[in-house]
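Presented sequentially are two complexes of chain A, the first with chain B as partner and the second with chain C.
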Partner chain A sequence: MTALASGATSPTSQDPTRRRPEWLAGLWLIAPTLAIVIGMMLVPLCAIVIVSFWTQTGFDLDTSFTLANYGLLVDDALKCFSDGCGLYSTLIIKSLWISFVATSAVVLLAYPMAYFMAFRIQRGKLVWIILLTVPFWTSYLLRVFAWKVILGFNGVINSGLKSLGLIEKPLEFLLYNPASVTITLAHAWAAYAVLPIYVSLEKIDRSYLEAATDLGDSRWKRFWRVTFPLSLPGTIAAILLVFIPTVGDYITPTLVGGPSGIMIGNSIATQFIKANNAPLGAALSCLMMLAITLAVCLFLAVIGKKRLKGADI
Partner chain B sequence: MASSDNAMITLSAVTKRFGAFTAVDAATFDIAAGEFFSLLGPSGCGKTTLLRMIGGFEQQTSGEILIDGEAMGTRPPNHRPTNMVFQSYAIFPHLDVAENIAYGLANRPVDKATVARKVDAALEMVRLSGLGKRRANQLSGGQRQRVALARAIVCEPKVLLLDEPLGALDKKLREEMQIELRQLQKSLGITFIFVTHDQEEALSLSDRIAVMARGKVLQIDSATALYERPNCREVAGFIGNMNFFEGRVVAVEGDQAVMEIGPDIRVRVPLTGQSVTAGGNAILAVRPEKIDAVVDRPAPSRNAIRATTRASSYLGDRSLILADWHQEAAPVSVSLQNRHAAAESPLAGGAAREIWLTWPVEAGVLLSD
Partner chain C sequence: MSFLRRHTNLLSLFAVLYLLFLYVPVLLLPLFSFNDNIYVTLPLKGFTLKWYESLAGNSALLNALWASVKVGIGVSIISTVLGLMAARAMTRYRFPGRRSIYALILLPLVIPYMVIGVSTLVILRRLLDVELSLLTVGASHVLITVPLSMLVLMARMEGFDRSLEEASRDLGDTAWRSFRRVTLPLVMPGIVSSFLLCFITSFDEYLLAFFLAGSDSTLPIFIFSTLRFPNKIPDVLALGSLILMISIVLVVLAEWLRRRGISGSDSSVL
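Take a look at the complex of A and B:
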């Protein structure tokens, strides 16, 4: 990219010493992205952190520094060690758990799909990639709503089973619980996970697979000794790509979660909108970010630095 | 060619078709145990395909491959007593050198201590001791090649398959590795099947060479036999340089044939089993270095043709001369050793002049048309 930029400027400036330094050309190229990142992410993030140290007094904000919001949340968390977790800690743990299960399901669904595309499709891979994006042609909201229609009281599954005479009353456990949230999240995010896994599988030199077979591996063994380790970068990317946004998801639990299926995102929204307590909502957001960061760090530590280093070639 | 008792590999009518295209056409030959056997031929002639069929990476369309007396049929590579050194080396990037070499041993009932011992021995054998902890991207091309070799050899295969293993190396390293490969093969006694399109490499390394073209095996012989007694025009032209004279057999006298290669130009050619009849067309092949260029008419016991020098180039140790002898025929190239100072040569100067091209009868090879 930088070479392109400096190449474009060279005809005007013949003297090489007067050429713009390369880092400056690079800066120009990333400037729009940088502006968006600073304006749309860094500033709001700082605002959230700052607000979390304020207090809500009626309709006004008391802008004097206080740790009261965090104190409340720490108390809430400390209860886990005495008489059961408080409301917020329960929600954060539940959110992490739901995301964890959904992410696992997503990877289990996406991996075979990516594997199929990388190793079994010989011609027309582009068609498959385009087909994969078809779910994105409808909005996230509609896709979640579709699950409501499928799992609902008079939904596709219940009315189907009823008309087959397999059940008398509609099954109530299908909708409005953590399981329905997990199913919906897994479906909504599966397509995101296929691409990074597919790319890392596609990148594997086929001679590695032949070498493994040559050295005596059966197909199954070869998968675990060569294919899977070499696809780890893409798989890890897919896991993070799904896990991080789903922890804070708000639409899915709202639509299909019911009272038992709400997640931390709903609670944060409640603080900001209904309870009119932005500082507490901000503190909750920060806590959630911290929880996600810890979870991700833990995950990466478990995977191990060594395997990552080797696999990213 | 009947399968002999000590044949490690027997190919019978092994054929591979890709659609309508025949990549390997009815290959039938034996490879002896402990032999260094090369497959040589121009690009696209089917060498890799044949090697991959022996290794089980490609399924033959028809024919059968026997390794150590056992029919391989559709057996996959992991159940064949062969190992392969890949052209790209295929060193696993997520494992270090020692883990790469130990890879195949994990599929055998050997304990950890034995694995470690074997890996160390293998590292030493390919002169990589101390590099066991490196990864593929921290190795030079030559070192990678050795890791690939060590990884295959620790599995103690009956047959080692090598697909242009030296193709990616520079000339000097290549020559070093050739010597090492040959020594390794001798000390291990493993049968090597070596694919190359570099004729010098094949000639200098191999016990026997199969020359292939367009999917067919043309000739299988030792280096000297291939060079001195090629069995067809293609082999003769592929290995080294060769002058061809097209003509007609006019008489067969004992173990010699008399050929007419131009109007009233007759030469003698030794017969080494070729079936010729007087009157049939034939080709005479003579190597440039076997021809002498002289000013005076040579003795009648030698073959001689009158020619005019067209061009000559001085290459230090030898000189190359291009001489016209017949308007319709290609010029003859002659390679002369410069045993004396250039000024003393009868051809010094470079101006076109009349000379005699002469060669002993036994230097010629009769090829069927």
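Take a look at the complex of A and C:
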């Protein structure tokens, strides 16, 4: 109702030729998009939660409510306290860890780049923005494939080192392990982090920086007390933009992970395609989303506390 | 301001290295696509165009390419029209639940495609028994491209002077007429940019297509399955180089159109 009242004061709704009230016109315009999002995302997400409480019997779904899938996953996790984690908990922990390392690398590398663009580039900013955006939109599949070419047994690094006479046998540890997955993810998602950080750095009022300098802050002190805190919204956005999708990534672990580098996404896909156990796959999907949500909440809580502490000083 | 320049050189060096890190791995693909060697190894052997020639006769590839182009064009038209309407609603109207609806539409950007893929698969196959085809791929691609389109167009619509529209209304134009004669021309660069970005996103998307294409094949599915055969790698290199070239042209065009005139405000995160 407040929206109605405030809508009535806006200039467009005073127009006598209008027939529809403003709030209805707005809803009308956004309704088709909303319908798509509800139909293609919300309903399927609810469905997968429901299916995770069912079981697979042969080719059919047994639709009686059961906690069997989650029981299996809980047993799997409980093994962490006795004789080593089960398959699924290992995969979830490994996926979170790989994404965490890749995200840290991406953001640590992206921050100086964004800083450079925001504070050092005076002319031709558009060119730099486009240079950084192009890799973001070029084929993800091909960016990952490029690393397979680089790190492979007969790949660019191995054959290059061999033709230089530095090694005799190809280095086998380059490809098909968690490290190659991490490197590939860090490269493939690099471009996603620069722009959000850049935007929040660019928004900083330059007079704050001058004020800090005038009041006697050194360059480092000024950075940590003014620039960095003000760039946190973009930095947090960048961290989430990279971390959330990489946990469930499928292409990278499949192409460069090998048996030791597979992640939780591979396991979910297997349940739906090869193992034909959709309910277990559904439960794994829910568990993955839960793990991502918990990790993100933990991260935001830590950041929130740090920020509060910073405000006290 | 001399303290600003002191470390400029170090930072510039980092910036150049960063760009090399972004570009060199990807640019290896075109380099090796001209190499006369079935293995991707150094040193380079000799220049050849035979990998490109072998693409032209590959009918499975051409079918997959055509499927991806069809899906891409359909998806970008639908998403851009929906995105245009949604962006207009978000920038020009107040309505109940505006913020929650906005957040909901952006949600597909932060949900792993794996989850969207398998949950759509479950509802289509197990619960509704819909036949999988390029249409189901297209529907899921609309879901993931609509938020992009809306963001691009919102940035564009916030970037121009609202009083131009009001002037048109005051001079007696109907809402539709002033939209068509004033708003649309001003938003046009954003529309083209949204179309191109949606097309590239759909054209490149593998995971949703993998789950939802059924027996059909799109180009990323074709590439992914080809990667399993080592002797087909040069073909993928040639094909990948062509895709890279085309998508770089499209992206530069889209970004240039999108940022032109609003580069100062730069309100878009993407």
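Rule of thumb we're sticking to: the second predicted complex is superposed on the first by the 278 of 313 C-alpha atoms of A that agree within 3 Å, B and C clash if a C-alpha of one lies under 4 Å from a C-alpha of the other, contacts with A are read in each partner's own complex, and residues count from 1 in each chain.
Heads up, the rule we're going with is that contacts are C-beta pairs under 8 Å (C-beta built on N, C-alpha and C of every residue); 3 or more make two chains touch, one makes a residue touch a chain.
None of these values were measured; they are calculated from a predicted model.
S.K.: Is A:L109 contacted by the first partner chain B, the second partner chain C, both or neither?
M.R.: second
S.K.: Contact-wise, after the overlay, does A:P178 reach chain B, chain C, both or neither (first, second, both, neither)?
M.R.: A:P178 contacts neither chain B nor chain C.
S.K.: If you stack the two complexes on chain A, which partner ends up touching A:A25: first (chain B), second (chain C), both, or neither?
M.R.: A:A25: touches chain C, not chain B.
S.K.: Under the stated touch criterion, which partner chain does A:V226 make contact with: chain B (first), chain C (second), both, or neither?
M.R.: First partner only.
S.K.: Between chain B and chain C, which one contacts more residues of chain A in the superposed model?
M.R.: C
S.K.: Is A:G248 in contact with chain B, with chain C, with both, or with neither (first, second, both, neither)?
M.R.: A:G248: touches chain C, not chain B.
S.K.: Touch check for A:A212: first (chain B), second (chain C), both, or neither?
M.R.: After superposition on chain A, A:A212 lies in contact with chain B alone.
S.K.: So in the superposed three-chain picture, is A:G257 touching just chain B, just chain C, both, or none of them (first/second/both/neither)?
M.R.: In the superposition, A:G257 touches no partner, neither chain B nor chain C.
S.K.: Go through chain A and flag every residue that touches chain B in one model and chain C in the other.
M.R.: On chain A, the residues that contact chain B in one structure and chain C in the other are 213.
S.K.: Which residues of chain A touch chain B in the complex?
M.R.: 205, 207-208, 210-218, 221, 225-226, 229-230, 307, 310-311, 313
S.K.: Name, in rising order, each residue of chain B that touches chain A in their complex.
M.R.: On the chain B side, the touching residues are 55, 57, 76-78, 82-84, 86, 88, 90, 92-95, 103-104, 106-108, 135-137, 151-152, 155.
S.K.: Please output the residues of chain A touching chain C within their complex, sorted ascending.
M.R.: So the residues of chain A in touch with chain C come to 1, 3-4, 6-7, 10-12, 15, 17-18, 22-27, 29-30, 32-34, 36-38, 40-45, 47-48, 51, 61, 109, 112-113, 115-117, 119-120, 125-126, 129-135, 137-143, 145-150, 152, 154-156, 158-160, 163, 187, 190-191, 195-196, 199, 202, 213, 219, 234, 237, 240-241, 244-245, 247-251, 255, 265, 268-269, 272, 278, 281-282, 285, 288-289, 292.
S.K.: Which residues of chain C touch chain A in their complex?
M.R.: Checking each residue of chain C against chain A gives 3-4, 8, 11-12, 14-15, 18-19, 21-23, 25-26, 28-29, 32, 39-43, 82-83, 85-86, 88-90, 92-96, 98, 101, 104-105, 107-108, 110-116, 118-123, 126-127, 139-140, 142-143, 146, 150, 166, 169, 174-175, 197, 200-201, 204, 206-207, 211, 220, 223-224, 227, 233, 236-237, 240, 243-244, 247-248, 251-252, 254-256, 259-260, 263, 266-270.
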